[in-house]
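One structure follows; several queries about it will come next.
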């Protein structure tokens, strides 16, 4: 299966590497050259422009945000150049508004569009263990199935409108941020009464909260290990904004999301833009005067 | 081991039944007679007053709130009557202030005090699968160990000051309420974009959030099954108030807890006092106009 | 002074009428014909397209939102047609981002741009009693001074960058919304203890809070008079969004604004889109179960 | 009129001095001697114990909090010693629960009880310009009228149940705190876009918000003058807690009050317990990274 792959940040690199290892023919492009060269050495063909990938059967993109998607697809002409019948699989978290717009633009040009955002960190991506949440018109989805399954360990189909996959992914990221804030506040509370973060979180993450999100972020919080960032605060803020915008469009209040937004803004405003989003827990402690001030 | 057991609400009944089944000599008292009679038929000795239990080796209490504990221990004279050397194991969630006060009163009378709140619902209690969080002075804890292990599947020791166990339990209940609110908001968001609650929660609770709390409350939310209440909103409000009071005492802000408090107050104020605390999710949907208004 | 005036909603009509009464030569255009006809009967010249106003000395616009401004100025070509040297006075509340963009576009075409949002309701506008907050490059401002003074009772100059006037106006509207919510919560609290809204607000608005905002909205809250709307909830939501966006751009958290956003969303989601923003007080009462549910 | 006056903190001293200047016979007691001595030099009779004031026609108290009121009235026996027919006028802000309890205890002993909390700062008190909010059983109120009028410039009667006056005062203090937070957030927003605090607040406090609260606290915010504290953060936190408790008792959510509570806790937790409650504005700026971090 010939796949054009665009966007070789940490996540994109992990996924593309896994696809290469699976024996797929991979043509890659990235705004900066080094990651593309790295994949080239592992067997990928390196394109000089996005448009060179226009004749692939599948075009996968893993771009940072709405603006980057617009730049590559629209401004640099990839969508216009793509051959009818090919399928664009967008693996990134983008806004619901853009998803809806892209679905329409692709349909007009008879190009399939699959919204397929993924859950998992770069190491999970490289190991092929991502969870892929996919939504697309039925026939497109059937044709894209094998490609989607090549990306991760499980594909969750959530409907025919691509925006549904975006909604699920956006709501999922909100849930992770809320779990972090929840642990942060709970740890601030127990620490203020003399119970260590690890002591408390061991109880919780081995019983009622024995889930990957709580175990993973729980250990970062216990160790106050917020750097280097796996997922930096500004990206998390972007996702919380997407959640608020998606809810706003339907007049749905999200009080927890507003608290998260304010917390992430404060982290960034006070010098923590390089920190992981789990630094929300550091903020909860600081507000309570627990780590000096 | 001779155990005096006071407080046969749903939770108390489950625990006491499990102890009986384990072959322990159980003397029980309850404010209303029927649950005591039920246990009597299963082999427990039924006392007419709390004071009759004063000569037990262990006195376990599972009372609804601070007031009920005061009533039995102080007003009805159990603490005064208890023989020096016996150990009081308090299985309920009470305030940190009361825990501190009780620890002192027990010490003055040379009676051991173990704060040992439990995580789990009545059916879990009856099956002996509770998680017990315990804190007490070291020697007391050693002597109480077997009794604690008879109560649940695992005992988590969190220190020598009883209030530490209270802090852990209070923070844990806050975490559960926050998980419910989080799912409620996330489901309101995805539903507003056409993704069903079950469809969304299946993805989340089988991947990053594959934990008992999310699976259990997630299915209640999917099915909009908020009655009959496993844990009614007013009890949840009591626990969130305990969290806010515990944090307040140490000047620790808890923004999520404040949102939860407001939500539970609204549920109760608008006719939902009989509903389970998972009705926080119904409130999130109602605020977004999703289920009529 | 020849003035082109665009946008004859309630506010625009009030201002334009006052200018006419002041003897100014007024050329008007509005998307829908009736308000323009009404002014025509009072002496204004009615234009058929915005571009017909392109040769006025001053072009004043009072349009509903960013989109309407873009439509008239850019899509319908008014900016392109305007004669160099004329001055555009934007009386409406628009986003900071658009203000910045317009300032640049006008400068490129050598047209003056004054951001001059106003505080006051339609009746205040008609009486010439508005407060005008203005910012523009110094020379432009000097030339526009008389025109600005013709609009209201006082002109507040807040700097040379037009966005500063937008920031002041946006922050001011946030303050009004916060004052309404504050009264709403305070009244819910006192009512729940048997003190009538009017009884309470009489004390406050005649002493520490003896200000127009509190007196005006206070009487609406006392009388539960939320319809017909002077300023409907969706417009208020638009302004709170502008505040959040302006703050977001600079990483400034606004916790009160987030509460207001959630409240306005809920009002709109639950059938109150036609109500005045002071219905935030009705929501506060409803949440506390005070007016049935 | 013979008045016993207890509690000579800044506010009490101001009021007592004004009563003395008005020619009333004043017997005073205070926990610490110096303020009592000061008044003694101005003509007051200084008592050695509260009970010495028991035969006064009116006993006025201005004590710091619920605990201080209990200490003087109950523990030190003033209530028991007071002669039937005398009237106790409580000028301080105390909880609704205590107000209700005191009303009952006084009634049992045939002593009149007037809840008469006041609005105004010490200098206002000394000038006799306070606003007095009073509630008491009708006959008591009639008899107390002259004494109340001697205290301030205006007496606002709000009903027969003393707790109504407490509710009004508590809700009023919440409104002041909310006004401070509102200005703090608005100023953070405008400052982040280059508009100075003073420049912005001049516009607002001379137009829509031309009220004493906004002018007074507005100038403190403009000048970042949070010390010495007129009303320190811990006292403000006490009052916000009273508001939350009063609302909680009736199941009324107060989202703004929760934000204020969290902010005041943070100020205190991070070294600002000595600052004025207007330091909420400094916190809003700090969260947005405006004053270093």
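Order of writing sets the chain letters: A, B, C and D. Residues in each chain are counted from 1.
Quick note on the criterion: a residue touches a chain if its C-beta (ideal position, glycine included) is under 8 Å from a C-beta of that chain, and two chains touch if they have at least 3 such contacts.
As the structure is a prediction and not an experimental result, all values here were calculated from the model.
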Label of the chain whose CA centroid is most distant from the centroid of chain D: A
Chain C and chain D, separation of their C-alpha mean positions in angstrom: 37
Chain B and chain D, separation of their C-alpha mean positions in angstrom: 39
Centre-of-Cα separation between chain D and chain A, whole angstrom: 52
Per-residue multi-chain contacts in chain B, two or more chains: 247, 250-255, 259, 262-263, 265-266, 268-269, 287-289
Chain contact graph, described as a line, ring, star, complete graph or other shape: complete
Chain C-touching residues of chain D, taken from the complex the two chains share: 96, 119, 131, 133, 154, 156, 158-159, 161, 163-164, 167-168, 170-172, 174-176, 178-179, 181-183, 185-190, 192-195, 199-200, 202-204, 207-214, 243, 246-247, 249-257, 259, 263, 284, 287-290
Complex contact set, residues of chain D against chain B: 241, 247-248, 250-255, 258-259, 261-263, 265-266, 268-269
Chain B to chain C touching residues, read off their complex: 262, 265-266, 268-271, 286-289, 293
